[in-house]
Each structure stands twice: as C-alpha cells, then as structure tokens.
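Some notes on the structure that comes next.
When the chains are written out, they are named A, B, C and D in that same order, and each has its own residue count from 1.
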Amino acid sequence: MSEVRKPRDPVTGHVKALAKGFKYLVEPNRMTLDYPAETMKLPPNYRGFFTVDDKKCIGCSMCEMVCPPEAITMVPRIIGEGGKTIPAPEGEKEAKGPKRTKRPVVNWGKCIFCYFCVDVCPVDAFIPTQVHDLAFEKDSEYRPSYEEYLKPPEEPYKNAKKVVSKADLKRGVGYDPAP
Amino acid sequence: MNEKVYNIDDLQNVNVDGEKYIILQIGPSHPGSGHMRIKVWLDGDIIVKVDPDIGFVHRTSEWLSERREWIKAVPIVERIMLPDTVHANLAYVLTVEKLLGIEPPPRAQYLRSLVAEINRITSHLYGIGIFGIFLGSSTVYMWAFGDREPFIDLMEMLTGARITTSYIIPGGVRWDLPNGFKERAETVLQYMERRLKDYEDIWVKNPVVQARTINVGTLKKEDAIALGVVGPNLRASGVYYDTRKHQPYAAYSNIDFEVPTMKNGDSYDRLLIRVEEIKQSIRMIRQILKDIPEGKIVADQIYNQLNPVMKKNYEEKKRVMFPAFMIHMRPPAGEAAAKVEAGRGEIFFYIKSTGDKYPYRFRWVTPSFRNLPYFTHVAVGHRLADLPTIYGSIDYFPPEADR
Amino acid sequence: MGIIPIPLIIWLIEDLLYLIIFPGLVTILVIVIVIIWLERKIAAKVQMRFGPLWVSKKIGGALQSLADLLRYSFQEVIIPEKADKLAFILAPGLMFAFATIALIFIPVGPYYSVLFPSYYTILFSLALIIITPIFAITVGWASDNKFSFIGALREGFLLISYEVPFLLSVVSMIIIFRTYDYISAVQSQLSFLPGIILNPLAALTMLIVMIRTTGRFPFDITEADSELVLGLYTEYSALFFGVGMATPYVELYNFSLIFSLLFLGGWWPFTLNVMNPIYGLILPGIIVVIKAFIVMAILVFLRAVYPRYRLDQAVRSGWSYVLLLSVLSVILSVGEVVFLR
Amino acid sequence: MNIKDELSKISTNIVIDEKKANYKIVVDDLSKLIDIANSLKNLGFDHVVSVTGIDYPDKIEVVWHVSSYSVDNLKGINLALSVAVKKPEPIKQSDPQGNIYIKRPPVTVPSLVSVWPSGIFNEREAFEMFGIIFEGHPDLRYLMLPEDFYETWPMRKDFTYQRAKVFIE
C-alpha cells in the first residue's frame, strides 16, 4: 500500500484541491431535496404509520406481545353490525362474552416502526402506509383513541411536488417527478 | 516530525493534580467530544494525560435485553450502534441461531452479506465525515453524509427503513430483493467509485490533511495487539485480522475479497484504510449481486410454521412474516458467542440461555468500547490540536461504546 | 420637502455620502452581510446542497445574515460571573471600532484626498489594523474560560508570526511606489503596471497574511471548534458575539481594499481624474469595492476546500516560508527600483 | 499445533464446542488463574475481547473471552476463561431514618490486567455492574454509572428499581 500512502507534493496537492473545489462550485450538482416544497414518494415496503383493518383483526393480542417498546395496547371492543366493532361499556377492562373482542391501539410516542406487529399478525390485518413525517403537538395526539387510530394518516404538505428518488451517476441521488 | 516528549511509562508516576498542568474538560457538551467527556491534562500545548469518561449515553442495553423476549433485543442492539445497525442485528441473530441450531438458507446468507456491506460503506462514510468536521473541513463532512444517502436509499428499498432496518431475524431475513435493485445498486456503486477520486483530491491527498495526520497518533503493531484494538484501526497498525476471514459468517466464505492492511498505524493510515475498505465493499456488493443464489430466504424451521395467510404473503410479496415462534422462542440451555466485523470493528456477543423466555445473561462488546485505549495511550505526547485528529481517525462513536 | 433649502440638501448629501456610502457604516453592514451569505452559499454549492434559502427564497436566502443579526440583537446578554466585566464588554466593541476606523484611511477615489488630505494613509491604516488583534487577546483574557484563554494564546502566537511578513510585503510596495499614500500609489500604478505584476511575491505574501489574520481556512486556528468550542468567543452571546464574529469580515474587507489598491491597480480602468464626489469618489469607489469583493470571494471559497492547520505548523510556516517570501519581495522591490528606474 | 492438546496441557477442566468454535476453560482454584492466563498468553492468546460477569443465585461467574491477533490458527477461536466465586450473604442495614436496605457485598477475584492490558476497561465495567473487585487492577474506578449508583451493582439479578411512569408533555 506504499504507493497509496505516498504524500503528494504540496503544490500539486493545493492546486488539485482548489481545482476540484472550483469544479464543484460551477457544476450543477445539488443532491438535496427541497423538502417541504418537494416531498418524496417512498418505496411500497417503506415502514411508515399504519392502521388496522377493523374487520380483519381477530383480537388475538400477538402484536401487543411482540411489540419491543410496548407501544401497543389492546382496547376492549364489542363486535357490532357488519363485523365492525363498537366501544365496550365504560369501566370494562377485560373483554368477555361471545361478542367481546380486543383491538390494538398504537402509542406513536413509543412506536419505533420496526413492523414486528405488522409481520406477526396471523391474518395480516394491519394496513401499512408510507407516511412518515407527521408531527404531533400534544401528548394526547401521540396516544390516539381507537377511533382516531383507525383513520388513515394524512400526509402533510399536500400541495408539495411529489418526486421519487433514483440513483444518479452525477449527483448520487436524483429526483424524478412521481408517476 | 512529531516526537513524543513524554514516555508513556513515566506518565504513570506524574503527579497530575499539581498546579503545573491545565486541566481541560472536553465535553460532554463540546463540539469535539461527542457524548463523552475527555479530561485532558496539558503541559503548555502538550497532552500529558487523557482520561476518557464515558457513560453519558449508557442505555443499559444488556439489562433491558435480559428482561425481554429474545426477539425484542433486535431493535435494542440496533439502536445502540446507529451507523452499524445491520452488523449489530446480524451479530445478535448469529448468536441466537447458534443457540437454536438454525442454519439460514444460502440466499438469506447472501442477502445478509449484501446489507452488511452496504452498511459498512455508510459506516465508513460516516467516519470519514466526522473526521472531516473534526479537522474543520465542512465539505468532506457534507460530502460523506450526502454520499451515504444513495446507499441508505438502497437499504430503504430493500428493508423498508433507512437506518434501523431490523432486517435480519433468526432463520433468515425479512424481505427479498425488490425489482430493479440490482440496476440501481450498480449505478450507485459507479457513482461511489467516481466520487472516491474526488475525495482523494479534496481530502485524502490534500496537503493540509497530510500535514495534520501523518505521524499523528501512531500505534505500533505490538501495542495494537496488546491493547486489543479492533477493526480498521487494528489493520491500520499492520495486523492481518478480520473476522470475516477468520471466523466467516453469512456468505463471506464464498466471497472473494482482500483485507487491506497498512504499516504505520498513524491517523493517515487509519483514514486510508477506510477508503480501501470502501473499495473492497464495492467489489463485494458486485460479487454478491452476481452470485446470489435463488431459493428461500428463510430457514425451513421458520417457513413450516407460517400459516396460510403468511405463506401467501411470502409467495406473492417475498415477505417473511413472523410465526408465533418468534414471540415464544426459548433457545435450549447453553451458551454461545459470536463475532461480527462491523464497520468500526468487531462486535462480540456472548449469550447464556437457561431455556427460559428471556436470555439469562446478555453480554456484548462493541468496537468503540475496545478502541478506548487510543485515548489513554496514543494521544499522550501530542498537541491539543491532535486530539480531534486522533478521535476522528479512530472513528469513535460514544453511544456505541456506552451501550 | 419643499421647505428645506436646496443648498442644505446638497450639503447634507455630501456629508451623508461619507457617512453612508464610504467609508460609511451602511457599506460595512451590507458588505459583511453579503460576504457571510456568499461564504455560506459557496460552501453549500461545493457541498452539493442549497445553503441558506428559506429566509428569502426569491433572492436565494440573501437576507439570512440580516435575520441572524437581528436575532443576535435581541438575544439575552450573558456575562459570566468571573469575567473581567469591563474588558469583556468593551473588547469586542473596540475591536470592531478599530477595524472600522481603519477604513477612514483607505481611500477609494482620488477625491478622497480633498476630504482627508494626508501623505501617510498607508501607515495610518496599517497602524490601526494591527491594533485589532490586541483586543482579540483581551477578549480571550476577559472571558475567564480555558478555551478562550487558549484561543487568545494562539491568537498571540499567530499575530507575532504573521505581522512581520505583512508589514514587509507592504513595505516592498512602498519601496516600489515611493509613497506612503494610497492615492499616489494607485496613480503610479495607473501610469505604469499594477502592483501584482510589479511584485507578485508581495501579493502572494499579502494573500496568505490576509487568510491568516482574518481567520479564514486553513488558518482557522483560534476558533477551531472541535478543539476550543468557539475559541475566543466561547463565553459571548447576543450582540457582543455578533460583533465579535463580524469583525474578521470587516478586517477582511479592509485587507481586500488595501490589496486592490496596492496590487490590483485601484480604480483602473476608470482613470478620469475629476475632483468631484461623483467622478472622484463614487465611480472609482464602486470599482475598488468590486475588486475587493472578488478578492474576498476567493478567500471565503477556501473554506470549502481546506481543513485547518495545527498551531505549530502555522507558526512554523509563518516564520519560515512566509517570512522568506516577504524578505524576497522586499529584495525584488529594491532590485526593481535600482535597475528599472 | 492441535489446540485441544495444548489447552488440555494447561488445564484439565475444558469444555469444547468445535461447531461453534467455542472453547471454555473452567478454573476451579482462584490462585491458579493468573498462571493459567499466563500460559494462555504464551500460547498466543494476546488480547481480551470481553470480561463478563454472570450472576447466579449463589455465585458470581467471571468470564474472560480471549482471542488472538498474532497466531494464525488461533484467530478463529473464542476462548472463554471462566472462574466462579461464592457470593457473600447480603447484609441488612438501616439508615438514620429507619429505612432498612440490603447491602450486597462485592466479591473479589484476581485481575488479569497484568497479563492482558486490553482488559482494563472491561474489568472496570464488570466491577461497577456486578460488584466484582479485581485485585491488582491499576485503576479500578466507576466507568459508566453515575455516583448515585454507588455499590448498587445494577446488573445483578436481585437489583430492584422503581419504574418512573412520568411522560413529559
């Protein structure tokens, strides 16, 4: 490796460094995304916020058991008409009886988006989305109720230009308009 | 050049509490310290003694993992070493697989090597970038962090997350290669090869960098062995040791690669060896994408436990879901140790199981923790301005050392 | 406006001209704001990113520095308990003041000699410029912080090692032009050749010293943030910090003006020698400031290329290569004077 | 060089798992520890990878994992050097306010820093986490824990803690 290590003589070194810097100064080469003005459309397996399919879920609590940060809690529910669930009566901690069941709620303040719950679900009831850039103002928003949790997350910056990233030979990451 | 004024052995007898020395507390909130405190005794501008005080970001990962189900340790170990997530994940899973006696199929092995090498490049770029900002070059910092982006995008495409991938699970991996991955990876590799030449001009062969790093922080071969340093820093001192060669895991026994070593062991060698390893990783990724065999991406023991919904998902989306075994995993009693060569060096896992649903003893040692002697032994005798050089060149990452 | 007599307006305009345009405070403010913005933009361009943008998106974020200045103005002033309070408060202001006063002695047009008739402007401006680092050392002393103190020590070392080459490079130009006045120096360049061709060695020395004295890379040693947090200004906050940070840019402006006057031919190609404020001051002034601005842009570009040297390397090169260069430049000047004229 | 033979020359009590490339030497007698470590070092095991404390109900086990950088055919081996010490009985104490708390005395084993200097930070960590006093360690201070963890030995299995349920808004 001695030829790698050999120091370059100072004059050539300075000239080459300055020339390289100047080359980058005049060349169009920005790789940053102008974020709030442009937002990215992420690959389909990106792990963003997720909700649950109320009809598919069987209330087996596997997701609660596998959750590493213990972000998922099961809330008691009663199966109503058409397979949809309605809230269990007040004060009932444990769901019992034929129509009683449980549904998961995620505390977004704790969730680490590992998707273990999504993968462990025996009926594949979770609905993943690619929304990742939500911000919450209050603690209570981190911990949605089950009804709030069921609403699909809305992307911020709806007017932003949608782009997809691509590998670019010139600037590493390039952006194409999203299809 | 930079002759050592003090002999290390004499320093053990120096009374460092006297009024003779300036005592600097560099950190924990200091632009050049990271999440640690470096207590430095200065005689004028010369460093007389260094005492690294770590533990400011100690997250009790061992304690937490001993009180959780086995699978839940995967995100924990990842979050300890953020630039090297895949390697931490891989090392833990290897240890658990040794306990369980599961052997993943070849395609999963190749995929593991693939993400590990992508991760190694990002880790080295992270190190180069931090070294750059420590010496004051914001350009290299921005370039290196920007050039991580194409590789992180590759990881995102494959695993669904940018950094904390949780990609490797006992028995295999969670997702198969998506469409268009190979072409995109090839473009990224060509881009990186071109950029390495630019790095050479503006950083590696920059006369200022050479003046700052050559013969600074030299660790001789014998000292490197005695102090037990790891990874690129060890190889920069001239020791031919790489876990990928000497205790092969994943697909490394089938991949042809070189282990670059240097002779001098100074900061410049530690910088060069990272560049060389990036070149080797590029070569390895090309090989893996060419040679990757077809087949399952998860071991049969896991696959057979999948229910029909999960099997359908596996066939259609190439996505491995978790059978209930993942939660209720109870590896048989015994102990296992595994080593993995991460970007910064060797991760060591030692896990003792009593057949319970939690690990009985979960011990792991991270590369930065083992590189701590660089501060106490190498920085002594240099100038204060060389401390960031040494810190940056060993690619020390305090959260990783604290665990 | 009609009630104000017209002669008063004319009289006011001329005075306001000096106060605002040159060497006025407004010019300094604008130059500092623009050069800081330009520095960040150049670095951002080389580093493949946008740089300051969202403060004023339509003009590329040019108001970012102004926003920063406003932010500094309204921040809380924190003075450490153990600081030498008088020195702590006064030193940054004095440093800025001396750097600004030095501008008075740097003429940008021939008409300036009417305003301030002096044959010794070079000497006056040098004397004032050399005073500013002393206040930098005071800043480091007053803070009662080890990092500031080490920064001040480094400033002292560098000050001594780079002042001699600086003075020698100016002296070599004085030898060539045979004058202590910028205006006659420029006029002798206009009639013959620009100083950078007459004595390139002195120009090179001057450039290196400019980089060093104003703390540009690769000589950003006193503020080395990975070692000394912010060097001298570790304990400073609010407007004091802003003033301390702006001073190097004012110095940079000073040096660049001197450089363009002594080496780049001053207001060449504008050679109309008319003694009135418009043709004698504003138009030549614009040309000189543009030249100075180009020099400044080149110097701030270095940030995008270099890391920083170590203190001992900088001091060593100051006492060896740069000193040698400056001595050679004096010899060259003497030779030219003896053989050419 | 057959590693099995070489190791059995050093100690009779070895556990070998060749499939996992794991070798373990169990030392019964504390006084022999340094001798065995020295002979391992002469064999070529030149650095410590990790020093692990393991807390059992009645004893504390200390495991030094050593490996080699210099001898080629030892590079693939993780050798564990294990020694177990009996735990002293916990002492009940009461502070002036009358609160009773349990003090768990530390155990003592010889330090191997004199043999392998690379274990210096590892042994400091095992000391603070398990209360293992390494005799002969040149610099046995707390490494990571803050001062209020003094003599609590948090990695022992009987360490109790109070879980904070505060979620700051």
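Keep in mind that, in the parts below, contacts are C-beta pairs under 8 Å (C-beta built on N, C-alpha and C of every residue); 3 or more make two chains touch, one makes a residue touch a chain.
Everything quoted here is computed from the prediction, not taken from an experiment.
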Minimal step count in the chain contact network, chain C to chain D: 2
Furthest chain, CA centroid comparison against chain C: D
Which two chains share the largest set of C-beta contact pairs: A-B
Where chain A and chain D are represented by their mean Cα positions, the distance between them in whole Å: 41
CA centroid of chain A to CA centroid of chain B, Å: 25
Rounded Å distance between chain B and chain C, as computed from the means of their C-alpha atoms: 46
Residues within chain C bordering two or more other chains: 46-49, 304-306
Residues of chain D engaged with two or more neighbouring chains: none
In chain A, residues with contacts to at least two other chains: 17, 20-21, 24, 31-32, 172
Residues on chain B engaged by chain A in the complex (per definition of touch): 68-69, 71-72, 74-76, 79, 139, 146-147, 149-150, 153, 156-157, 159-161, 164, 166, 174-175, 178, 184-185, 187-188, 190-191, 194-195, 198, 201-202, 205-207, 210, 214, 260-264, 268-269, 272, 276, 307, 309-310, 313, 319-322, 324, 326-327
Residues of chain C that touch chain A when the two form their complex: 42, 45-50, 53, 301, 304-306
List of chain A residues in touch with chain B within their complex: 1-2, 4-5, 7-8, 10, 13-14, 16-17, 19-21, 24, 31-32, 42-43, 45-47, 62, 65-66, 68-69, 112-116, 119-124, 165-170, 172-173
Chain C partner contacts - residues on chain A that touch it in the complex: 17-18, 20-22, 24-25, 29-32, 34, 171-172
For the chain C and chain B complex, residues of the former touching the latter: 43, 46-49, 146-147, 150, 217-218, 220-221, 224-227, 229, 303-313
